[in-house]
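Order as written gives the chain letters A, B, C and D; numbering starts at 1 within each chain.
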């Protein structure tokens, strides 16, 4: 598979994660790749998919070329079914109405914990990041899909700070901590689709994207990651999928 | 300062509320008069979220009045947080996410002040902030919640959160402490002279903030008659008796957006981000000079944004109703 | 004082209780006498008085001749400043925004406890009454004014059932039970204005209405009630007060 | 039946919710089809309050379908409660106040069934009922509250309420158990075919009920397009994904009111009160025969109310907007 790719890494992320979404689901989505992927899913195979935005929006319909820059602005409400206070849209997660939380990630570890708060020691951080936003709530209260670039510095053995809990220390530690619902479901990268071992809750490769070899994933992951010998392969992005992405994001704000 | 962030005992909360003049009375005043309701050291809750319905004009007035040691809380904190740190008005921000906005990357101003420990940024989950205001507005001292468990976000909060057990199911939950701000700053599309406010579109946490706070300063794009309010009482979102001051301020959220009226002033925000990225401290100081200290009035501030930008933001803002 | 009265007992109740309300207060009012009295106060001496109705109404303005039959119907919202969900208007009491709760009463006892649930033993009642509605919340969470007819069967030593708590068993028992705010403030009857002893929390007479003698109060009260030797006297209803009542309730729905 | 009224453990609540089809899909059907969502023994929450926005048509359908042993909850229960007891559909009502309405005195039907212990009437404070639904809608198992303490109302509830202590202030509060009804019946002014509902005027507890319940049946005065809903999303009060059935029923609350459309049918209510006062059991049976069992359809039911009454109630109802 050395043929020239007709899509960017971001488009690959959007297509691969969009395919995981199912018709009829309610998806709590961040802007960027998650929003693009959810919109793609709506237009390709999941017309009954509902998007929720943290700003308080239920079931918006993205207008091509007018992608919102955050989930908390009026553009997010275009052709929405409902607008709610922020706290109430987040409470939908706690009540159990949401099937999937879907966000990007800055740093993730072996057990799917995400860090968006501190690089280095939180007491004296090298970098203070913006923080959790709704990330902690979403990952605490529902099943999660994370879409992110596959880089060694992002895939670490243990995050510096657990902002959004995955499986904490693996095994039953998540439920033991009091988080009785939800958990990390899939991590979608530009190299692979990753899941978590049913028992140990360690991240593992489920499928490799076209043209990607197992070594490439290992090289770009900061911990030992299990890859089955006869690992599955994803289908490359299809023309109709790429066409939708380019229609929705003609300026390539999120897919450059 | 720290004691401002824990739970106000119920009888103390009631005492403060009982002292307020909650009668139906006109309370229209200037930005400067309204700003005088804020005392140094107050816990100030900021309405809106990120770059939407931010009470920019009130923050502008607080900066110009050289307030000190304000503890700021907000659902998500954007460039107004950089302004509050850079001006020295606040050294303590309580929020769930702090940066100008995703598209502008991590705020260098926030990083500069927090990494050097010149300012404190207490991080709570977004729903936790919201439920803290909600508990405060409901008159209960805590709210049980199922998030902010198992992570380092709650671990870092120490005694500010407590584990509780449901007396019916035995389930373990986190207790979030009620938050009753000393004062709330809220910008709305329209309100009457008594402070009855009607909001369009996104409400964010503004209603809970208004109910929880001990005082509310309202800025409004326009003041409408009480008769107009009374013809659609089911559209009122903030009741007059929570409000202590009403100020009419057109474009009161600029350069952020106000739903249905104007979208963010993106070019202005781009320039601010570029300027603070180059040098956080100097960049924000220059911004404060240009837009906060030098203008002779709010109109002068708007002049500096420029008529073309005002018209463009308004055209985009009103387009939400073009369907 | 044997002159012919130019007002009914209900009008007397409305006038006397209306006078207790102060300008600028927020009053959680029931229909009937409380609503009439609050409206009277607004038009005579308290223009900045705000009425709240249990159905979720903030600051309505009663239209003469269109008195609402309950606090939960659209007539209650006429010229209101705001409409809220029921739970939220009741939460205003808990938050401390309300100065006075103002309701009628079926049965009251020495300590100002009200019963609107059961006559007789609750396990096998002679009469099942409609119940608390918001009465329990109002009397638990704010200062109370009760307007009711002064009859021996209504003023009892101990109510059969405490629906809306007054001072429970007197003394500090209310606060001891966990009700740290509010409490019974005044009971207004067609014979007298009653208050409560600061220490014992027993009901006592504060003032007698025109033409009423102390004996008449004692005869119509089912327990020993303290009446000061030189008890105060209320001023009779004034023409302007009666005129407002008759304007607001021309059909004498509540003042017959 | 009793176990239907205590707290559903969180994972069980989630399991039930996960099983529901929450996708954006049309769900318009007949009253009879909608009634089939209710199973004997279900906990049924009834929207509206007293004689306002009562889902009369759905109750009419449940009575005609001869449902059994329903546990009914409502903020305040009026004549629809008498109908549910008199028809044998329910023997257990959970509410804060139960009688046709203040102006009609104490319901003889309620008295007849409860005093003879043919039916159970569990009394909670009005706010307690509301907060139970709200906790259910928020996904927490209990809500701390400062009322229903010290009185016999809570004493009579036994283990259904528990005292809790605030971990921050040490204050004693009552814990109210979350209430997640099996099914909610709600009548609104307008909704789309997906179940997005927009309410005018008084909202009562309907939003919390919808969020808390495991299923929602919506009746609506009219079905509007989804496009109309999407043009004013900030007016939507109940989101489609909580709704399982949408039925268009003009005058669906009659003889009770529907805000802005019709006021109560007072003459009808007077006659019902007089008839049940004379003989509760016979009176309600005759009412059921005349208005519930004999009509061939909902239109036939409306015929029995009479065109003059429909016009008069509508004239009064619309007058709220005459200002």
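Assume a contact is a pair of C-beta atoms (placed from the backbone, for glycine too) under 8 Å apart; a residue touches a chain by one contact, two chains touch by 3 or more.
If you're wondering where the values come from, they're calculated on a predicted model, not measured in any experiment.
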| item | value |
| --- | --- |
| Reference chain A; chain at largest CA-centroid distance | C |
| Chain pair, A-D or C-D, that carries the greater number of C-beta contacts | C-D |
| Euclidean distance of C-alpha centroids - chain A vs chain D, Å | 40 |
| Interchain centroid distance [CA atoms averaged], chain A/chain C, Å | 58 |
| Approximate Å spacing (C-alpha centroids) for the pair chain A, chain B | 29 |
| Chain C residues counted as touching two or more neighbouring chains | 57, 77, 79, 83-84, 91, 94, 180-181 |
| Residues of chain D whose C-beta touches two or more other chains | 10, 139-140, 145-146, 171, 173, 201-203, 230, 234, 323 |
| Pairwise touch network: line, ring, star, complete, or other | other |
| Of chain A, residues touching chain B in the complex | 31-32, 54-57, 69-70, 72-79, 83-87, 90-91, 93-94, 113, 117, 122, 125-137, 140-141, 161-165, 168, 173-174, 177-181 |
| Residues on chain B engaged by chain C in the complex (per definition of touch) | 10-11, 13-14, 17-18, 21-25, 137-140, 194, 196, 211, 226, 229-230, 233-234, 236, 239-242 |
| Residues of chain C defined as touching chain B within the complex | 23-26, 47-50, 57-59, 61, 77, 79-84, 91, 94-97, 99, 180-181 |
| Touching residues on chain B, where the partner in the complex is chain A | 49-52, 75-76, 95-99, 101-103, 106-107, 110-111, 114-115, 121, 123-128, 130-131, 133-134, 145-153, 156, 163, 171-174, 201-208, 257, 259-260, 263-264, 317, 320, 323 |
| Chain B-facing residues of chain D, complex | 6-7, 9-10, 139-146, 162, 164, 166-169, 171, 173, 175, 177-178, 200-203, 230-231, 234, 323 |
